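Labels run A, B, C and D following the written order; every chain starts at residue 1.
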Amino acid sequence: MSDRAFAVLGLFDTPDALLSAIPRVRARDLGRLEAYTPYPVHGLEKALGLKKSPLAGMVLVMGLLGALSAFLFQFWATGIDYPTVVGGKSPLAWQAYIPIVFEVMVLFATFTAGLGMLLLLNRLPFYGHPVLASRSIAAVTRDRFALSVEAAGAELDVEAAARALREAGASAVEVVLVPPEAGPYSPNALLRGLLSVAAACLVAGLATYWGIKLMPVLPPMVHMEDQPRVNAQAPSAFFPDGHAMRLPAPGAVARGYLPYGPASPEEAAALPNPLPRDARVLALGRSKYETFCAVCHGPLGDGVPTLTSAYGAKPANLQSRTVREYPDGVIFHVITRGKNAMPGYAWALTEEERWAVVHYVRVLERAQNARDEDLK
Amino acid sequence: MADDTRPQPPVSGRRFWISREEGPGEPDARSAVWNEFPEGAADPPELPADALSRRRFLALLSASAALAAASACSAPDRGTIVPYTERPDEVVPGVPNFYASCFAEGRRAHPVLVRTREGRPIHVEGNDRYATAPGKAPYRAVADLLGLYDPDRLREPQNAGRAVSVPEAERLLAEKARKAREQGLPVLLFTDAVLSPTRARLLAELRKVLPGLEVVSYEPALGEGEERVLRSLFGEAVNLEPRPEKAKVILALESDLLSGEDPALVRAFAAGRRPEGRREPLARLYAAEGRFTLTGSRADARFGVRTGDLGAFALGLLRLLVGEHGVSLPPGAENLPWPERPLSSLLGAGAGEREAEALARDLAENRGAALVVAGSHLPAPVHAAAALLNLALGSLGKTLGVWPWPTAVAPSGRGEAEAALERAAEGRYGLVLFWGGNPAHAFPGHPAFGEPRREVFVRIGLHEDETAKVAALVLPEAHWLESWGDFVPRPGLKALRQPALRPLYPAARQGEDWLLGLLRALGGQGAEDYARFLKERWRREEWPPESPVPFERFWAAALHEGLVPGTPPPVSAPSAGALGPHLCGASTPKGLELVLHPSPALYDGRYANNGWLQEWPDPVTKATWDNPLLLAPADARRLGLKDGDRVRVSEGGRSLESAVLIQPGQREGVAALSLGYGRQALSVARGVGTNAFVLLGREGERVLRGVEVEKIPGRKPVPTTQTHHRMEGRDLVRSIPLKEWARGEGEKREGHPLVSLYPDQEFPESKWGMVIDLSACVGCSGCLLACQSENNVPVVGPEQVLKGREMHWIRVDRYYEGPEEAPRAVHSPMLCQHCDNAPCENVCPVNATNHSPDGLNQMAYNRCVGTRYCANNCPYKVRRFNFLEWTAHKREPETLAFNPEVTVRPRGVMEKCTFCVQRIEEAKVRARVEGRKVADGEVIPACAAACPAEAIVFGDLKDPESRVSRLARSGRAYKVLEELGVRPSVTYLAHLRNGPEDSE
Amino acid sequence: MSVPAPAPLPEELAPPRYLEGEVTPGALDDQVLAFPERKPPRKWFVAFAFTAALAAAGFGFIGYTIATGIGVWGNNRPVFWAFDIINFVFWVGIGHAGTLISAILFLFRKTWRNAIARFSEAMTLFAVMCAGLFPLIHVGRPWLAFWLFPYPNQRALWTNFRSPLLWDVFAVSTYFSVSLMFWYLGLVPDLASLRDRTTHPLRKKVYTVLSLGWRGAASHWVHYEKAYLLLAGLATGLVLSVHSVVSFDFAVSVVPGWHMTIFPPYFVAGAIFAGFAMVVLVLVVVRESMDLRNLITLDHLEVMNKVILGVSCLMAYSYFMEVFTAWYSMNPYLHHIFRQYVSGTYGWAGILTLCCNVLAPQVFWFRKARRSYPVMILVALCVTVGMWFERFVIIVISLHQDFLPSAWHVYLPTKVDFAILLGSFGLFFTLVLLFARVLPVIATTEVKAVLPGAQPRHAGGGHE
Amino acid sequence: MHPYDRFARWWLPVGGGAVLATVLTVGWATQPDRFSRAFAPEQPIPYSHRLHAGSMKIPCEYCHTGVRKSRHAGIPAVQTCMNCHAVTRTDRPAIQKLAALARSGEALPWKRVHRLPDHVFFDHRPHVAAGIACQTCHGEVQEMEVVSQRMSMRMGNCLGCHRDAHAALPPGSPPRKGPENCNACHR
């Protein structure tokens, strides 16, 4: 303990004694005066010349701030960020926000009052205050009243202060020394401390990270993400072949899927194209042709595939005379059933789409083999 | 998750009755835990009731923790996608397909359309090409989808309790048949009604190789009176076809004409009850009955007549008609003797003599447009009297069609069936084949079923049921959705049944296939499988040879449509004189009369393992999961019985025990009990209700006289979905006399204008709404099942229903008005009203429910934390909360029944009717992709699609020309609890009463 | 100066004495602050074991509920809320007495409150803790209860600020924070006293940390008193708002019997009523078992009982007003539900409520009754039970028969419901017992400040 | 300085700050999005989109045929591969495996790369119909040897685009928004 005095405390037995001592000691102007009492003693603030507490103003400002922020937040969240209609009210209807505005206002105000008083105005917690280390503090928090003459900048005149206090009626006087100035921290200790904090955070953080990575969601948290229903293309543990998607029963006819009749191109030759040659049909035919046909037959239908890699078989040239002379029904049949290495495309193209492709093939043929009148 | 594939009962099985005795108020710890942990549910069901020790609870907990860990470890894995190996042209994953098929039950067949996803049925609805009831299916057909995925289904043939392969089973069957043939012993085929011409042909083929084949075709649920009367009247087995659409006056003699079992009847009736745009007066329905049937509840005037007196009532009426209204008796019937009893002495509470006079007048004035129908359970005298009335009124051929029984195999009576079974018990048959039905349940305690696994007994069936237990050889049968067949649903109309999927279990084959195998093994001529057999018969017999269409195309088109029209063969003229003996059979009732009738839910018990149907509230009593003895209020008072008391019912040395439910409106002295309950096998069915077949005598008499009812100790509360039956004077379901409406009084609206502090909502594109016509709605509750199937609504079990936790998104409120003895009933479907100012939305703290721009009250289950505040604040109480886990433990095949387009809700979340938003969104997407607006009628919610009365209309209220908008402007329109200012989107059209007093 | 001794006043006219005998600040410390240092008596341990076991069982059943689903409770359709919300409202209500005593009576300068303020504030905190438990566990998916707080998330969703439940979230959490702050501020000087008198090293450390280095400086007291005054003012507004907001849960809905404009004041009055009863109940035990008869006098109890009597009359008025409103509304749904309050399946609950809340406290018109332990304990118990049942009446009866008779259903609680209710009582009393064991049960600083002679004579006198 | 003060004034803020920083870092690093993105499981058949869709320019819809007809774009049936591979590159082991699967009908369990929770009902149709390119969400698949997830599959991401679809829509499209109501995705 250093021998520099922080204060001289004089203990008084009654509040009256304290109050009457203050003007006397104050007149000596020995240093800053402070009183320590077990409970608030009225009149002390006047006697010591303390200023009024600014807390009320702070609380008012923060309370209003809380109210305003609560209102704006609710208004933004419900009315602007994600407008939701609830109970027929416009997203901007503000009336229902009032209760929360009030509560948040009180919350802000309370925290300002409580924490503002403790932390800002009274600068607590302060465990190292010299008075706390004094012998008298036990009496002060019990039933005695202390007047303290404290060093204010200049060195404290201990003797004078003690004398003054005694003369003012103090029943006991104690010199409170300034506690030794232990520097904040040695660099080493600081480093060690910081490192251990960092290490603890790192370990905890990594553990959490891996925990979440390996076990992201546990039941029952997960329980609507994975419902016990069978989605399209799901696997199955029930059907021995592992497919939850089943094949229709052989021979059954689904609505809208009358089996395709003709068994050979010859039988199909007579089928008329039921679609008109209008822009919609041709656009449909073109989009389907370019998706499914152009890969082999080429965008122009000339049998030059867009596939850069060699296909095992040579795709047909749709511009060839043979193909051009096919009736529509034959082309339709080939699209439906396939020919040689070409598979049928009924799985990908509906009947309408197939007929549209037939039209489009005709357009391609015409474009490449334009007759004179087309050029006019 | 090791035992994923272990068979699980569809609604987690026995838990329903394990804690049955607890009753309400007890913590349902056990059933809850059973729900929670699939492992527990798979445990042996013999677990004693108090087996859930703390240790076991902890074990289950740790098991679930292990499960959690196991699934967590594989979390980065996102599962797999299994595409088709070869995708069929018609299947696009995620897009439904529809297959026309045909549902058959009892003596009825009905064309249906099966919706499949990726080759698996997920919903059943009516066939839209069926002109009599387009798009409407019987409600049990809709519900039987669950039967397809019933985990209790037989998967493999069993011989003497051991699984055997299909060829082995076929060999064993053939061996038995050969042995019988060699020994010269007859062979009995005990089956249910043979409605299919091709099935009858197969039996004929079989008879060629098995000359000793006897066929008993018995439907235990149905009475035989009608059958007998019609046979003597027409000289052959015939079917009647009531045509309510042609009738102006209908008299139902305890006939559940409007039960919805035949949606065509409901549709025709409802069509006659819509006043809008109708020139003729509304059809009038009279009912005379002892029970309180759904049809009776919808009658404009209802006579309380003891069931045993109905014949006398009909004859009294006839006398009135002949004596005072100049109606002449049909030829041959002029001198028939019949007992005379004054009409007035028969009438109980309810409609009285004045109404009887009015009825007679109405009938007389509407000769040729009047229809009398009698319930199928009634004895021959009633049917004879009804036939006489119909003949006298000239109904035949006008309001009542007659057509011959579609097949050569006529139905057998109970006496015949019992005799055959007795011979079987005595070992007189070399082979007994039980195919379909469940005789061991329908003939309880019969000596034929006394010993297990009889060597000569063979069972072809869906389940390992009571009958399978007495057969040595058990052959699994395919479900009807997996089968081929043909039926005659209406006179002349042929309907085809085609499978909507390949059999779930390859060893389960349709019964015909087993018989075809037998036929071939015995050296007969038959195709390889029944599909070919059917097609061959159609090629030979149904395809008009003169047709320009090749058979293959004819056949494909027939399968595509599901129907082929035709004309029925004629029926010989009736000879009324033949009714004589039947008329004399009528006798005065004595003591308490007990009426045994097929259960509206389980029919003859074949659906007892179907949780949807078990939990489907009876449209009148609202009882689920039980068949209580229904007593008239006066009888209950006399016997000192309350709802839920237990009684012993005995008659002629036979007795059973049952719970009691008091049925207002039931005639004093009449009790009723439904058949089909009290099954002793299968995980859901077992132990639910009591088997009333016990009381059926040899003659199959369903109206028993002098029945003793005695109170026994204990209580067994009946789980009902409605516990309060009066409207308490509130304006909830409006029912107004026709004359008031005609005078425009229905349009008077009471109450003050509703004001709001807030500006009205705007709906940019559309505003969905619904209109429910209470004049059309008969209360059949078919909508419940369609909704349940479409929307993955879980089944909760009887304890939970007792607690009021059932989950149906739509319910049908049924209120009684007037005196207990003869109340009037009103029915009103109640579902989420999608209020514009929805009170539920305001209170949800997490915004899980709010309003969509197209006017839906949307519910995001995945956002719901389950505060249940919304449900409290819902004035209609249509929100449903998952109090416990009812779905998560489900595995295939049960999960295959779920609609993949709808969330399967877990515990802890709120749910409710969404107006089938999946259908709305699908239509919207389709319209958007095609660059157009959603057309009127493009979106049809499941309830509306299923409603046989077409009482539910759905559409866009923003479009003033849509059907729903036009109906919503009707003078009958009102909204329930309109005064609350919540602005519901569902409009009701008031029910119009058309009693003799109600019209001018 | 000799003043003739005044003639002794009749007992009835004598001013109430809130201190018995001579109490000096030091003696006060020795009496009150010594508790934490003494080994508690056997009966404390017995009581603690009992309440802790009750609480543990309650938590066990809460765990069971969370693992299984709230279907283990009796809640059903239409009674979607039952014990869970009854208990919530009940406990929030209990909390209100503490704030009333510490804040409102402080503002009214009723110094008799000083002796009982600490205890009531602590009870507020514990009651709010019990209350806060129920909204969390009553939801269907409690693991997602954090969704009730508006925080930015990847779903881009916010909460519904129009929902009274969300108002509850804000009100109750604010109420808890404010009560905690208020209670702790009051504790700081007492903790400093404890710090300076204890010799036990561990206790010393703990009290040192908790007292934040309070040294009683006059400059601190200035701010401290200001803060205390401000907090009292804020807490007063808050306490009125909190139960109003809780009542909004009901009043804002459409349910007949809930949708009542009188609910906010009526709920606040009810809360104070139940809270005072609970305070009386606990105070009697504390007074006797901790030997505090000189600090908590019979006059304290009497004035509390007077408040109970007064609030009881207020409750009677509220009930009457409610019935009148219902009758006057001509609303058939409301008429029906009010008939159900006293007849029908649960009519007994309504009658019990009336007897307990309106009739029983009337005995306090008699001075003897106000000063009699058995009577006040009985009445306090009655009020506690009655107020619980009042919430039962409001919640369960109103819900079980609302608009559509087709949806009506009776409600039956299960054993789990009762176990969790008892568990919440266990938790409450466990916390009370712990509090009495380790912290000063009487705000010594505040009492010291109003002891005779505590304030300088010439500085305007004290608060006597 | 009093050790308690040292603690209160140094270590409390430092520790609190460190904890906060850790929580924020871990929280940021463990967003489900970060884990799910770049998820590129090994597939049972080493199919290369870079080869097929990139070099050979086979249109996406050649295989993913469902995209205009169904909610699901669909993984092609094994037979679709066999359209070409019945004759092409039949010597490769992977193709032989494929051919064997096509013959036997056994399941080919592709590892799922994009998985939405079951309570989300995403529909490809309106997105494709609006002209949004596959790559907008799925990334430049034609450059991926092994397909990996590129987009965020969180609700915030869906909403981001629905609220301002400008960047996703083809140039020149009229400004439009996607629906933001619950039912658009949740049923």
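Simple rule for what comes next: contacts are C-beta pairs under 8 Å (C-beta built on N, C-alpha and C of every residue); 3 or more make two chains touch, one makes a residue touch a chain.
Only a predicted model underlies this, so the values are computations on that prediction, with no experimental measurement involved.
J.: Counting C-beta pairs in contact, which comes out ahead: A-D or A-C?
T.: A-C
J.: Give me the ID of the chain with the smallest distance between its Cα centroid and the all-protein Cα centroid.
T.: Checking distances from each chain centre to the full centroid gives B.
J.: Counting only Cα atoms for the centres, state how far chain A is from chain C in Å.
T.: Chain centres of chain A and chain C, defined by C-alpha means, are spaced 37 Å apart.
J.: Rounded to a whole Å, what is the gap between the Cα centroids of chain A and chain D?
T.: Computed value for the inter-centroid distance: 21 Å.
J.: Let me have the rounded angstrom distance from the C-alpha centre of chain A over to the C-alpha centre of chain B, please.
T.: 51
J.: Counting in whole Å, what is the centre-to-centre distance of chain B and chain C, each centre being its mean C-alpha position?
T.: The mean C-alpha positions of chain B and chain C differ by 57 Å.
J.: For chain B, jot down the residues that touch at least 2 other chains.
T.: 76, 79-85, 87, 93-94, 839, 842, 844, 847, 850, 853, 861-863, 903-904, 907-909
J.: Return the residues of chain D touching two or more other chains; collapse runs of consecutive numbers into ranges.
T.: Within chain D, residues 4-5, 32, 35, 65, 70-72, 74-75, 77, 79-80, 105-107, 109, 117-119, 159 contact more than one other chain.
J.: Where in chain A do residues touch two or more other chains at once?
T.: 82, 84, 86-87, 89, 125-128, 213, 216, 220, 224, 227, 229, 231-233, 235, 242-243, 347
J.: Once bound in the complex, which stretches of chain C touch chain D?
T.: 153-157, 208-209, 213
J.: Help me check something: in the complex, which residues belonging to chain B touch chain C?
T.: Contacts found on chain B: 24-29, 32-33, 35-36, 61, 722-730, 732, 800, 803-805, 811, 813-815, 830, 839, 842-847, 850, 863-869, 871-873, 875-877, 879-885, 907-910, 976-977, 980, 982.
J.: With touch defined as at the start, can you tell me which chain B residues reach chain A in the complex?
T.: Answer in residue numbers: 4-5, 64, 67-69, 71-73, 75-76, 79-85, 87-91, 93-94, 97-100, 113, 116-120, 482, 498-502, 531, 535, 552-553, 556-557, 559-560, 756-761, 792, 835-839, 841-842, 844, 847, 850-851, 853, 861-862, 887-893, 895-896, 898-900, 903-909, 983.
J.: Any idea which chain C residues touch chain A in the complex?
T.: The contact residues of chain C facing chain A are 24-26, 29, 141, 143-144, 150, 156-162, 164, 166-167, 170-171, 174, 177-178, 181-182, 184-185, 188-189, 192-193, 195-197, 208-209, 212-227, 230-231, 234-235, 237-238, 241, 245, 248, 445-446, 448-449, 453-460, 462.
J.: Looking at the complex, which residues from chain C come into contact with chain B?
T.: For this pair, the touching residues of chain C are 64, 67-72, 74-81, 135, 138-142, 144-145, 147-148, 157-160, 162-166, 169, 249, 252-255, 332-333, 336, 399, 401-410, 412-416.
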